[in-house]
Structure formats: C-alpha cells, structure tokens
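All chains are identified by letter, namely A, B and C, in their written order; residue positions are counted from 1 within each chain.
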C-alpha cells in the first residue's frame, strides 16, 4: 500500500520543551487516519508541520512520495486541503465570498464553491455574514474551504468541535464517504476516542509528543480483547480520555 | 499567481468601508487650506505653489502617514483575526507574493487618495480664481511621486503591523515615523529616509526641491526600499510559526 | 470599582500600554522641542522662550495628544475585542462599570502623559536657558488647557473604540477630527470653528498671542502678550465631555454582542 504521508523521526522543540518527539507517522493512500491524543499532546503541531505552518526541529516529512522541502512545498500544498485549530474566516464576508477568495487563488471553477457548500449543507445560508455564524456553521465553512479543491489529502484538526450531536454524526458520515467518493486520503485528529473509533480505519495515538500506537484500528481492538478501548487508551497515554 | 492574489486581496476588502476615510480625509485640507490661503494671500505669494503647500503640508507629514498606518494595520488584522494566516499560508502561493499583493493593494489606495488630493487642489485653485495655466503636469508628477514615496512607507508599516500584533501600536509608530520624516527633511536627509520620501516626492514644503536632485535617484531609492521591505516581509512570513 | 480597576491593570501587563504612551510622548516632545536654541538666529527664542512655547505648543499638542488618545483608547479596548472577552465580562459585571473602569484607566494614562510632557517642557526651557523664571501661573493654566481638550477627546475615542470592533473606525474618526482641528487653529477669522470642534479646543484655549510681527520687520518688533479667549471654549469642553461620556456609555450598554 502506498503511503501518502510519512514522517521520519519528526521532532519539534519550543525552547527546551519537546512538543513532538521523534514521530514516525504513516498514512496510507485512500484511508482515513485517526490521529488521537489528549489536549496538548502535539496533534496540532504535527499537522502544522505537515502543512509547513511550523518548521520541524529535526526529522523529515514525505508527502505524496516526495520529501517536503521549501522548493516543492507549494506544489504539494496544491493537493492538500486543511482545517487547522479553529476555522479561518473573514467575518465581514459571507460564506460564499470567503470561499471565492480561495477559489480565486487556487484557480478553481466556480462550481466547486456550490459543491463544497452543498456537501457541508451551508448552501442555504451562504449569503449570511460569517461573523453571525454559530460555531458549528463556522466549522462547516472551514470544512468547505478544505474541500474546495477536492484535494488528494485532507487534513482536519478536530473537525467536530462546536458541532451539535446531529452535526457530529453528519460530519462523521461525510468524512467516511470521502475516500470512496473522491479518492481522498484523510487525516483527522481528535481527543475523543469514540469519535475516532467510528470514523477511522487506521489510528495513531499520540501522548506527550510521542507516538504510542500506530496501525489499523481493528488491530488495536484485537490486541487485547479483555480491555475496552478506553482502558487501552488509558494504559497507553496515562491519561483519562474524555468521551 | 500575483494577479490571483490581488483579486483575492480585493475581495477581502469588500464590504469594509475603510476606503471612505481616504476620500473624506483630503477634503479637510482642501477646504480649510484654501480658506487659509485666501486669508493669508498677502504672505503666500507663490500662487499655485502656495496653495499646494497649504493643501499638503500637514497631509504628508502627519495625516497621510497615520492613514497609511491604519490601513496597513487593518489589512494585517484581517489575517490575524480568526486564524486566517493558517489558511492564507497553506495556499499554494509564495509568501513574498502574499506580502506583495497586500502592498500593491495599499499602494493603490494611496494612489487613489493622491489623485483625489490633486483633483481637489486643481478644483479649489480654479474656484478661487487662481490665475495662469493649470499646473496639471506638476500636480501629476507630485501625486505620482507621493504615491511612490507613500508605498515605501506602506511597505515599512506592513512589516511593522505583521510583527506587532496590536492594531494601535503600529499606527502610533506611523505617526512617529511622520514626525521623523519631518526632522530628516529639515536636516536635508529627506531623500534617503523612508518616512520622508512621501513628503519629499510631493514637494509639499518647497516646490522646487525635487528638480535640484533629479527624479531618477528618487525613484531608485524608493524602489530599493520597497524591495528591501518586501524581502523582509517575505522572510518574516516564511519564518512565521503559526 | 477598585476591583475592576485592578483587573484593568492586570490586563495592561505585557501590553506595554504605558511604554507605548511614553514613546508617543517622546515623539511629541521631539516634535515640540525641535528647533534652533543656540545658533546666531536664536536670540529671540532664548529671550522670549517661555512665552514663545505657550504660543507655539498648542498647535503641536493639538496634533499629537489626539493621536495619542486614539492609540491608548484603541489599545485598551482592543484587548477585549480581540479575545471576544466582552461576552464574559458582561456576564460578570455591569456594562456601565466596565465602561467606566476602562475609561478611568485610559484617562489616567493620558493625563500622566500630559503631565510628563509638561514637566519635560519646563525642564527643557530651564536647561537651554530661557530668559527669566518660568512663569508658573501661566504654565499651570497651560497644563489645564492641554489636559482638558485631551480628556474631552479621550472620552470620544474611548466611546468609539469600545463600540466598534473594527479599530480602523475610531482611528479614522480621530485622524480626520484632528486634521480639521489643526486647520481650525490656522483660521483665526472663524473662532466658531475652533470652539465647536473638540480637536480645535487646543487652539481655542490658547491664551498667548504673537503681536507686532510683519512680513518686513519679522521678529524685530514682535512681542507676546495675553490675549482674549472665548469663554465659549470652556463651556464647549464641558458639554462635549458630558455628551461623549453619556452617549458612549449609553450606546455601549445597549450594544449587542
């Protein structure tokens, strides 16, 4: 199986603090990779390094089989859609205008906007100023802008934040459908085990910047049948997991 | 790519009435400067030049620098709000171009206000029955050079606003910059100090100033500064950790 | 109230509010004091220095204190706008009190800056050797005449900065007002303009005039003297302060978040 993302000994230090420590991540093409860890474990930092928003202190990143360098970064970014931390939006503009900005820069056809809005079900509220949006709607807008180019790789950082239970369910189903429908590879991070459990096929568990487990989700289930996933998670990370 | 970014930058400024300030501001010196000119016409004898000084003296030392400072702060604030840098910097566009597109948008705003300042100057001169031929060519040159010098200031302010995440502090610095511009001009260093170049280009305190030193050095100095600040902006953006 | 003021002080930490104010004050001082004090042409300046300052400085003050007020008000309000912290504050405290606490903080900072400015001016005058003792009575009056318009303008800037999330709005209003105010000082034939513009009050309250200056003789026969000021200016200052304060607070209390 081809790897869409591969990191070798990826490390990020802020001063003396090692935020991400010798991380070897493997994300396979066409799969949904659940990146699980408690708050502050280094998930966002790792994802930012994949996008070039933060520079690794040590280690290497390979995306689409190419080593990520300053030179090929832009070409690689063209094929990645992302939603990092909380959604980005210009509050004085409508959802449609927000997407239009990225559509222009990416040189995409106008119909991508309609499609993305439809997928995240914002098509009816697209004419409203985004500053008036609820957190959940902003989150959907963030997803729409990540989907806009229907990229090969989608990186979503805690995409269900701020969504109501129905919205969370919807988002899960949507994410699950992406590899099949559009051939995307998806990395989705969460601090909620139950969420990753329902979405991901492969899983990476990170705690204190270290990868504690990586592999297919069902393998994790099989390693120790006597324990619940929560117990496994607790034993791996030493942290209680919020459900 | 730059063209696409420019289009995108323009869209970001939609629905924001910031540009109206650039239209309103020059009306103040145009009206009050003209009245002042009329009130002191026995001292101010250089006719069109005196009127130009009345219109632009305070504008280019204090008010236009502050306006440029506010505009640059506003443009950077758009990105600093709601984590927009995350998205802007993961677009497949070179970082120096992101900076350049913001600079061009600002330069365009400066150009608009310079043209407006020039138009108000000609109109008010005509209205008060100023004699002689219309100084159209001079006005056009002053306004274009003012734009060029103003763009240097804008490039500096964009760098400052990007580094300092506050809205107000860079505006304060723009104000201090304007004052420093005045000091350097008085010391005859106006042609090399970035915050003097706008006033220098606009010839606001002595109309013949530029003719002596020539246009070419002025243009070269402006371009060098713009290139330097743009390079700095690009480097800061690429070192930026989100 | 004391508790809220303490909160404001905590919020000012690491934001260098006072430091940036000092920087602006310093810039204003450079701008005010820049000149020729020792050259061959400086005789008139040294001889009449104390009164010359009282004649010259109001214009300079009318440019930079309003800008400093805009900067300070914006910085204080921006702390809340940026973190959307008003929502939380409103749940914990009455809006009017929040408004007042920030206003007092900003106002004290501004008046401190005015005071520093004033002291440096006096020290500077003594240091370069202006003739005679500093006329303290006149200088105290001058202190009041820069503090009052600055306070009025601070009320205005504070209101706008608190009301509008987009700080460009309050800045542009302040800049255009300042601009009009500066010009109003050059138009002695329209006293109403000075008296009716909050930014023109610096000029309206100016009480030392230059007389005997002509184009031919220049400073040869020039002298400074007390001049008449319109009482309307003081009334206008009081009215503006009250209106800006009341209106700003009223609108802030009714603002939807």
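The definition used in the following text is that contacts are C-beta pairs under 8 Å (C-beta built on N, C-alpha and C of every residue); 3 or more make two chains touch, one makes a residue touch a chain.
This is a predicted model, so every value here is computed, not measured.
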Distance-to-centre winner among chains (Cα means, whole assembly as reference): B
Distance-maximising chain from chain B - centres being C-alpha averages: A
Separation of mean Cα positions, chain C and chain B [Å, integer]: 25
Cα-centroid distance, chain A relative to chain C, in whole angstrom: 51
Chain A and chain B: spacing of chain centres that average the CA atoms, whole Å: 42
Shared interface positions of chain C, touching two or more other chains: none
Chain B residues counted as touching two or more neighbouring chains: 16, 81
Touch list for chain C against partner chain B, complex: 15-16, 20, 23-24, 27-28, 30-31, 34, 63-64, 67-68, 70-72, 74-75, 78, 82, 166-168, 171-172, 175-176, 178-180, 182-184, 186-187, 189-190, 215
Chain A residues within the chain B interface of the complex: 48, 51-55, 70, 74-75, 77-78, 80, 82, 84-93, 97, 100-102, 104-107, 145
Touching residues (chain side chain B, partner chain C) in the complex: 16, 18, 21, 24-25, 28-29, 32-33, 35-36, 39, 42-43, 58-59, 62-63, 66-67, 70-71, 73-74, 77, 81, 166-169, 171-172, 175-176, 179-180, 182-183, 186
Footprint of chain A on chain B - complex, ascending: 4-5, 7-8, 11-12, 14-16, 78, 81-94, 238, 241-242
